[in-house]
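Provided herewith is a single structure, encoded as structure tokens, for subsequent inquiry.
By written order: A, B, C and D. Residues from 1 in each chain.
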Amino acid sequence: MLRFLTGHYGYWFTLILLTIGLYGMIFKRNLVKKLIGMTIFQVSIIMFYLTCAAKFGGTVPVLIDDSGPAAVNPAAYINALPHTLMLTAIVVGVATTGVAFAIVITIYKRYKTLDEDVLLERMKKDHDAPAD
Amino acid sequence: MPIQEITTSLTPLLVVAVSLGAVPLILLSSRRPNLREFWTLLAAIAKFTLVLTLLPGAQAGKITQISLFRLFPGVDLCLKADPFGVYFALIASGLWILTSVYSIGYMRGGHEHKQTRYYACFAVCLSATMGIAFAGNLITFLLFYEILTIATYPLVIHKETKTAITAGRKYLVYTLSAGLLLIAAALWTFQLTGTLDFQAGGFLSASGLDGKTLVPLFLLFIGGVGVKAGIMPLHSWLPTAMAAPTPVSALLHAVAVVKSGVFGVLRVVGFVFGPTLMKQFGLDTILIVLAAVTIILASLIAMRQDNLKRRLAYSTIGHLSYIVMGAALLSPMAFSGAVLHIAFHAFMKITLFFTAGAIYINLHRENVSELSGIGRIMPWTMGAFALGSLGLAGIPPVNGFVSKWVLGLGAVQSGHPYILAVFVFSGLLNAAYLFPIVHRAFFKPGEGLEGKTEASPWMVAPLVVTALFSLLFGIYPDLFFRLVQLAAAIGGQIGGLLT
Amino acid sequence: MTHLLTNSPVLPVLILLSSALLGTVIAWRRPSLSWPFTISVVAVVTAISGYNLVRVLREGPIHYYQGNWAPPIGIEYVLDHLSAFVMLVVNTVALLVLFHARVVVKAETPGKELGYYGTALLMLCGFNGIIITGDLFNLYVFLEIGSLSLYGLIAVGERKAPIAAFRYLVMGTLAGCFYLLGIGFLYMKTGSLNMADTAAILPSMLGQPAVLVGLMFVFLGMGIKMALFPLHGWLPDAYTYAPSASSALIAPIGTKVGAYVLLRLVYFVFGITIIARTLPVAKVICWLAAAGIIYGSILAIAQRELKRMLAYSSIAQIGYVALGIGMANRWALTGAILHIMNHAFMKGCLFLTAANFRRKLGHSDISRFDWSIRKKMPWTMAAFSISALSMIGLPPMAGFFSKLFLAMGAVNGKHWIFLVVILFSSLLNAVYFFRVLEKAYLKPAGDAEAADGACARDEAVPSMLIPTLIMALLLIILGLLSTVIADGILAHIAPPGL
Amino acid sequence: MTGKSDNPILSMISRMISPFIMIYALYVIFHGHYSPGGGFQGGTMLGAAVILSRLASGSELSRLLLGKGIGTLMGAIGVFIYFGTGFLAMLLGGRFLEYKYLARIMPVSDAMARNWGIQFVEVGVGLAVMGIMVALYDDILTGEPDA
């Protein structure tokens, strides 16, 4: 059992980060904190990919001896593909956070609050006033 | 079963399309009422003549058929003018001419608003009815069945009053759920047998299904077509739909919509299940019980109705179940009696509805209690009414007697002689709720009738014509279209297997 | 030029991507140029996707390798009957809606046309990419491209639009991350990201927990994107508060693309064996979809605002598609794909009419509809009635035929409860659509004669009216042609094991 | 972050460091196509350098380094370079992003054409990421007193 725990510590950390991210998104009332939760969630998935790509005894996937592709021993290098995928995921994360912050700023400009409960009341108050 | 010789020709498609073609013309000429009415009449006469061209072929047992494109994988939009289809199309299109003339008088007399929408929807209804008559398979039947529902809705709610809206809502709920039941039944049959084409003698008989699937399937079918056929538990939309203007209730609720329901029942019984299957699993007893209950109850309720149109509505429900009873008895004579009753009842009932409309427009009276003494000032109208009621009660000179007589023979032939009692008793009930009106109109002194005269000729003419037709068909049933011979041929075609 | 057409599968995505940026650069100085540019681009893309469909029908499925790297290394674009058909539908609807959007965008979001059309093109690029890609991760990238521009399109709306957009963003990103997590599990197990490859490898490792967990995450992600019943929280606000042009653009094709992905994954990647036997995912999808149909229809009845009612009816209609996917037989699959097409046109037409109402009457509040609306806007009301009758499922409109196929699928698979749900729900549809029709057609505003003359005809501008009427007309034409489409195109879709 | 940062050390160091960050970023971009590094990482570093100068010495001064609206335009141009190379390869007869066909217009062998192809793509991506990062920073700051 211990070996299972220590052997998969990477995955345990991903799990913990996932739950923190979800908690942040659902229970936090401040919009920006929700965004932080969302980013944590994204980062945890990136971490998941990287832990999957790791190999015992594998080094950074940069070719040391360039004696042609045949001589490359794949066990010596960790799996490079998840890393490239995660490059795109990071860029997507940046773009999402960018759009999210733009939206949060417009919300703040219109309702002068970032707290969700206050926001809902002001929206309800708006509801009775004719939608401009 | 003799292989009917099938010729393909465009006429069935033309019959359906001719009134659809008239719709844009009607809509365009909404500014000029005379031109608009001319288009309606032209479409009606064109449709009737086209159906007439199909008649000789139908009498000789030939089928003219045209299948257009695929409606459903394995099933295509097929318009098949078999004898039964032509028969029903003949009645509906014939009476459409008379109803158009009548509605010109009615609409102008009552200064109704939105007449363009009225005539356009009427034209669409008729083309849907033709589609139902010529439907070659269940999916085409379903297609036109639902189009008829949509096209009739604006007519039911024509007056746009509160009562009209609630009537329309109730009408929709009933007919839409009927459509859904029919969809379920059609798809289930397609799943079981792989084909949906109507075949005289029923295409299910070859499928060797057991009772466990056939009884629910039959109930689904009856639920689907029964609503429009006004079978008792599903009938209550018909009296409330009387909120519609009278020509609508005259043609639609006496000829087009309800008759297509009954036509559906006959199609299901004769062309989907077939007599052998029905008898084998006792499906006919279900139908006989339903029809008998409806006949008796409807006539009883009709007696209590004070509003003239509601009374006629319940009488229609009763007479529709004559036809359903004819179908349920499964003998060839009973089938031909039912088919005959479709035609003759249409003529009689449309006369009565026309009179109700004429009375409403002329004297603005709707209830039976207010009709005393109007016979003297509206002799032609009330004379026709008397003729119609005589026929409905089944008294000899008028055509009602002929079809009731054949139905009686059918009951005896199919081994259910006790059904005769139902026919006779309901005949008495018919007399009980129609003759007092005639008596009150002619022999009771009326008040507030000074200076009133006969209704406008536009209305009385069609009225008298239909009354005359009922009388002539009563005396010589095979007049003009040899209807009895056609009905006998259809009855033989369906019930032929049994004897 | 003819050489360029050999790689026609990838052209729609490329043209949309480049024109999204080119549009902003070109129209930088003269924003009024952006609408004509957008329309011409989308027209070209629709023409190409039409050509693609013809090409697929002639040559069969086409596999296009990006940069000529064969899978599993390279990214493969698969143009088969399903993707070509859905692509054509999405582009046609987008063309009609964007044609209608000129007046509405200028009115509701003044001064923002430049960014609006650029984002709209980017969204279309994302959706076209999702439809055509054959690579799981590439699908995630296009999903994010599409969704990010979606959030942007919603956020430019009225006062409460940013909040709806924010909530949609959080749930949408959550969905994207779940999908990414799901692919991670699958990739670690099968070692390949290419759909055809994964489909070949998966049967050998059916029972392994990692594969099943990956499958569940992928479905959870797609469920949110598709607004399947319990995961639809973001949809009503997003469609209601978005500007009319955006909701008319997103409603018809937004959830449909999610449904397409679910269909592609269920039938072509995981295959029927996993879905139906090892893990009863098909059953779960069916039951969620059935619940969604009832929930969506009942909620739609309770709504006062037309766009919110249409949003809830979207949840119900996407339930039909999911039900078709879940029932896993040939009829239901054809019904689902047909319903994707029909609902795209129906919902597009309905939202266009809602936009016309907002533009001309200033509101789209059902309780304030009355008899004069039919006098003022007869053509829009005609289009509304045709699409409403089609939503209820009445012939000869398209809705009837796709419901016929779905019901046949239910009968074929002996799912009697789903048959009842499919048929009974059209009564619910009838209730909330006839409620509007009755108000518009029948309630006499005061004394009929006086009002009759008062409301002169005040129809929407032709540029808004023509697309609405085209869509309504298409509904009837597509309805009658639905079986020709089913036999001609959809019959060739042969998912393994069906 | 008020106007010119009153902290001389900060502005001095930022002005000294940012050139070195940029040079290293260029190194990363230009070696990206056959060793670790590449467009994304280099672009982020370039963006970081520009944002560092914006943060340290306020937006007006750092306007000289990169203009206000230039960010979006730079992003668009970057994507065009990336897209252009792919499209050019397609025009020359190959498939999208098949750099081998660039050899037709470049005096190099197929292998080298692929090399240069991916190189152009890396440069395009670098430019795009930098442009968008700075544009994001500027957009978020619009309306703030200091911006």
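Keep in mind that, in the parts below, a contact is a pair of C-beta atoms (placed from the backbone, for glycine too) under 8 Å apart; a residue touches a chain by one contact, two chains touch by 3 or more.
A quick note: this is a predicted structure, and the numbers were derived from the prediction, not measured.
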Steps needed, at minimum, to go from chain B to chain D via contacts: 2
Result of counting contacting C-beta pairs for A-C and C-D, higher pair: A-C
Rounded Å distance, chain A centre to chain B centre (Cα mean): 69
Centre-of-Cα separation between chain D and chain C, whole angstrom: 36
Between chain A and chain C, centroid-to-centroid distance (C-alpha), Å: 28
CA centroid of chain A to CA centroid of chain D, Å: 24
Touching two or more other chains - residues of chain A: 95, 102
Which pairs of chains touch, using the document's own definition: A-C, A-D, B-C, C-D
Contacting residues of chain A [partner chain D, same complex]: 60, 62, 87, 90-91, 94-95, 98, 101-102, 105, 109
Interfacial residue positions of chain D with respect to chain A in the complex: 35-36, 38, 40, 129, 132-133, 136, 139-140, 143
Complex contacts: residues of chain B adjacent to chain C: 69-73, 113, 139, 142-143, 146-147, 149-150, 154, 157, 160, 164-165, 168-169, 172-173, 176-177, 179-180, 183-184, 187-188, 190-191
In the complex with chain C, residue positions of chain A that touch it: 25, 31, 34-35, 38, 41-42, 45, 48-49, 52, 81-82, 85, 88-89, 92, 95-96, 99-100, 102-104, 106-107, 110-111, 119, 123, 126, 131-132
Contact set on chain C toward chain A in their complex: 137, 141, 144, 148, 151-152, 155, 158-160, 162-163, 165-166, 169-170, 173-174, 176-177, 180-181, 184, 187-188
